[in-house]
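Read from first to last, the chains carry the letters A, B, C and D; within each, the first residue is number 1.
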Amino acid sequence: MSQTVLLAAFEPFNGEALNPSWEAIKTLQGYTAIPGLRIACQPLPCVFERALQVLEHALAALRPSVVIVVGQAGGRPDITLERVAINLDDAPMVDNAGQQPIDTPVIDGAPAAYFTTLPVKAIAQALHENGIPASLSYSAGSYVCNHVFYGLMHVLRHRPRVRAGFVHVPYTPAQAAYYPGAPSMATTQVADAMVITVKAALDDLQHLPLPTGASH
Amino acid sequence: MSQTVLLAAFEPFNGEALNPSWEAIKTLQGYTAIPGLRIACQPLPCVFERALQVLEHALAALRPSVVIVVGQAGGRPDITLERVAINLDDAPMVDNAGQQPIDTPVIDGAPAAYFTTLPVKAIAQALHENGIPASLSYSAGSYVCNHVFYGLMHVLRHRPRVRAGFVHVPYTPAQAAYYPGAPSMATTQVADAMVITVKAALDDLQHLPLPTGASH
Amino acid sequence: MSQTVLLAAFEPFNGEALNPSWEAIKTLQGYTAIPGLRIACQPLPCVFERALQVLEHALAALRPSVVIVVGQAGGRPDITLERVAINLDDAPMVDNAGQQPIDTPVIDGAPAAYFTTLPVKAIAQALHENGIPASLSYSAGSYVCNHVFYGLMHVLRHRPRVRAGFVHVPYTPAQAAYYPGAPSMATTQVADAMVITVKAALDDLQHLPLPTGASH
Amino acid sequence: MSQTVLLAAFEPFNGEALNPSWEAIKTLQGYTAIPGLRIACQPLPCVFERALQVLEHALAALRPSVVIVVGQAGGRPDITLERVAINLDDAPMVDNAGQQPIDTPVIDGAPAAYFTTLPVKAIAQALHENGIPASLSYSAGSYVCNHVFYGLMHVLRHRPRVRAGFVHVPYTPAQAAYYPGAPSMATTQVADAMVITVKAALDDLQHLPLPTGASH
C-alpha cells in the first residue's frame, strides 16, 4: 500500500532572490526512487497565518503519514533538525505581507510548546553516515518558520501516527557569496539530505537515545 | 514593606574550577543598595533533581517576589535572557553526580514548556543602556540549567505574581584563557548586570514590545 | 600555442581520511575544456621541505605559466585567496613525517614575505559572479601550507611572468559531519572554483582595485 | 637607570564614539608601579601617514626601549599579539581624513614584511597565567593598524635593541552592546593586559618556543 510524505518549503523572504529550502524541495517533485512512497512538494508563502492555511489545506488533501516543513536558517552551517516549536510569534522583520507580530501567541490558549514527532536523533545519525553535516536544534526561532512548525504540530496533536517536524537548511552558496563569512550548502546536498531524512523517518520510527543534547 | 529577590547560581561542572554564575552572584550577598530590597543568594549543585530540591527549599523559606537562576553558557559572548524552558532532560555530559538522563521529561505529564515571567525585553534594554552586551535566547539547552528553569516555572505555575526566569552568562576571562577563541565577560560586569536585571524586573513589570525576535 | 597550469594540492594530514584540496584537484586531471590550456595536477605530501621539493620538481618538468597550490583550511566557510606568504615555520602539530618546526625560517636569509602574483581580487569577483563564496585572506598560517606557498614564491622570485599563489578550501561535508559547527563546501564546487580561478588568472591579469581589504 | 616604554593607541574611527585601545592606554598615563620604568602614552589619529608621523615624532622625542602600538579589532574575543606587518595599504573603509588607499605599498621599495621584535609567545603565556585570554595573530589586516605597525618596524629596522610590536584588543562591552553577537573585554582588563605585556617584554626577552603556530 502506498503512503505519502508531504515536504513543504518556503518562498524567498527578506529581499532574497531564492529560498534554499524550496530550491532543494522542488527538485524532489515526482521523486519515485522509494517503492510505495509518494513525495508531495508544497511551496509555502512566507506569511504568518497564510502559510499555515496553505499547509493545512495540503494536509487535508493528501493525508500524508510524514510531514516535514523545511526553512532557511541563514548563518547555520549544517542541516538542523528542530526539536520543539513554541507558541510565540515575535518577528524580527516583516513577513512578505508586511506583518510583524510582536510577542503574540501562534494560537491563543494553546500549549506553550510541542515537540517534534520525527525521530530526530536517528535522522541525524543517518545524515552523518551519509557524510552530511547535521545537528539537533532546540529553537526554531520566533518568526514564520516556528509559526508554521507550531501550527502543524497543533493541527496534528490528536493524530499521533502522523510523524511531523521541521528542518532548517543553510544558505545556498550563491546566497552566501553575498554575506562575508556565511557558511552554505549545495542544493543537491540539501535535497539528498531530505531523502535520507524521509527514509530515516519511515524506517526507524524509534528515537535513538544518543547523548546529543545541548548544555545551553 | 521589604521584598526579597532570590538569585540562585550553579557550582562548577564539567571539570571547571569555577562557575561564572556563582562567582558573580556570591558578590551580591548582603547587597543593600536598593532600599526595601533584600537579595538572597543561593548556590545550586550541578545535579539533576537535587538542584531543583535545593531551589524549592529556598523558595519555601524566603517567599521571594522575584526569582532568577543564573548559569554558565560557555561560548556565548553576552548576557542571555532565556525566554522558554522545555520539559526535556537530554544531557550531553554527566552531571556532578554522574547522572546523564537522555530524552526524559523533567516532570512526567507536565506541559511541554513554560515561558519566563521576567520582562526580558525591558531587561535587555536596561542592560544595553548601561553598556552591557545582552540578548534574548530561545533555548536554555537540555541540561541541568534548563532542568532547573523548567522546574522553577512549574513550581510557580499557580503563583503568577512571582516573577521568575533564567539568565545565562559567558565564561570568566580566566576560563576563556584556556579555550582559544572563546569570548568572556568580567565577573564584576556580570554582577552589575544582575543588579540591573533585578531593578528592571522590579521597576518595569511591563514586557516591552520590541522587535527583537529570532528568525531561526 | 599551448600553455600549462599547474595545480598542486595536499594529501591528508592530522589523522584525516582525505584532504578536500586533493579531492577537488584530482577531478581536474585531463581537463581539456579550455582550448590551448593543459591543467597538470600534482599531489603534495604534507611534509615540510619534502612538499616543496616535489613542487619544485613539477615546476622544472612542466614549466607552467600559472601555478596554484591548494590546501585545506578546516573551519573557514569559503574559498580563500591568500595574499601573502611569510618566512616562518611554526607548526601547531606534527607533519606527516613527525616534524614540528617551531619559529624557524622557511628559507634562512630570505625576505620576510612574498605577495601572491595571482590577480586575487579579479578571481574573487569571478567566483562571486559564479555564485561561489570566496574572500581574500591575509594569512596562510605558519604550517606546511604557508611553507610551500613561501617556497614557491621564493623559487619564482626572478620569473615575474609566471603567476603563482595559494588557495585555501573548506572541509568537505563528510569531514564537517564530524566537527559540530564546522562549515563545508561540496567537492564539485571546489573543483568549479578552481577552474574559474584558473580562467580569471589567465584572462584578467590586471589586479582589480576593489576595496576588499581587512580592517584587522 | 630609567627606561621608557612607549604605548601608542588610536582615536575612534568608523563612526565609533570611542576606541578601546586608547580607553585602556590613557589609564596608564603616569603609571609608576614598575621601578625604573616610565610609561609614555601617545594617542594616534586614525589617518594613513599622519598616524605614522605622530608616532615617529614620539619615538624621536622619547627614545623608548620598548614600543607597543595598540588598536581595535572589533569581533576578536581576546588580546591578539601581532607577529607580522605587511607592506600593503588596502583600506576596506575611509580613514578619519577620508582617504582610502587601495593596494598600494606602505613604503615604496621597502621589504614585503617585518616581523615583530616583541617576545610574543612569552607575552601570551604571561597573559594566560594572569587569567587573560590572548593569542598570536598572523595578520594585522591592511588598514591603518597594519600601516602604523609596518612603518614602526621599518623605522626601527636598524635599531634591533628596541623591541617593538602591535597588539589588537576587542571591543569594549559598551561598543559590543550595539553589535549582536560581538565579544568584548573590560577596559580595566585591557589595561592590566598591557602592563603584563610590558613586563613580559622587559623581563623575558627570549622568544619562548611554544607550539602555538597556525595551521592556516
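As a working rule, contacts are C-beta pairs under 8 Å (C-beta built on N, C-alpha and C of every residue); 3 or more make two chains touch, one makes a residue touch a chain.
Quick caveat, the model's predicted, so the values are computed rather than measured.
The minimal number of chain-to-chain contact steps leading from chain B to chain C is 2.
Using the contact threshold fixed earlier, the set of chains in contact with both chain A and chain B is empty.
Relative to the C-alpha centre of chain B, the farthest chain centre belongs to C.
For the pair chain B and chain D, the distance between C-alpha centroids works out to 37 Å.
Computed from the mean C-alpha positions, the centre of chain C lies at a distance of 30 Å from the centre of chain D.
Computed centre separation for the pair chain A/chain D is 47 angstrom, with centres defined by C-alpha atoms. Residue positions of chain B with contacts to 2 or more other chains are absent. Contact topology of the protein chains: cyclic, one closed ring where each chain has exactly two touching partners.
Of all possible chain pairings, those that touch are A-B, A-C, B-D, C-D.
Put simply, chain C touches chain D in their complex at residues 14, 71-74, 76, 83-84, 86, 88-93, 100, 102-103, 111-115, 121, 137-143, 145, 168, 207, 209-216.
Only residues 77-78, 127-128, 131-135, 172-174, 176-178, 180-186, 188-189 of chain B touch chain D when the two sit together in their complex.
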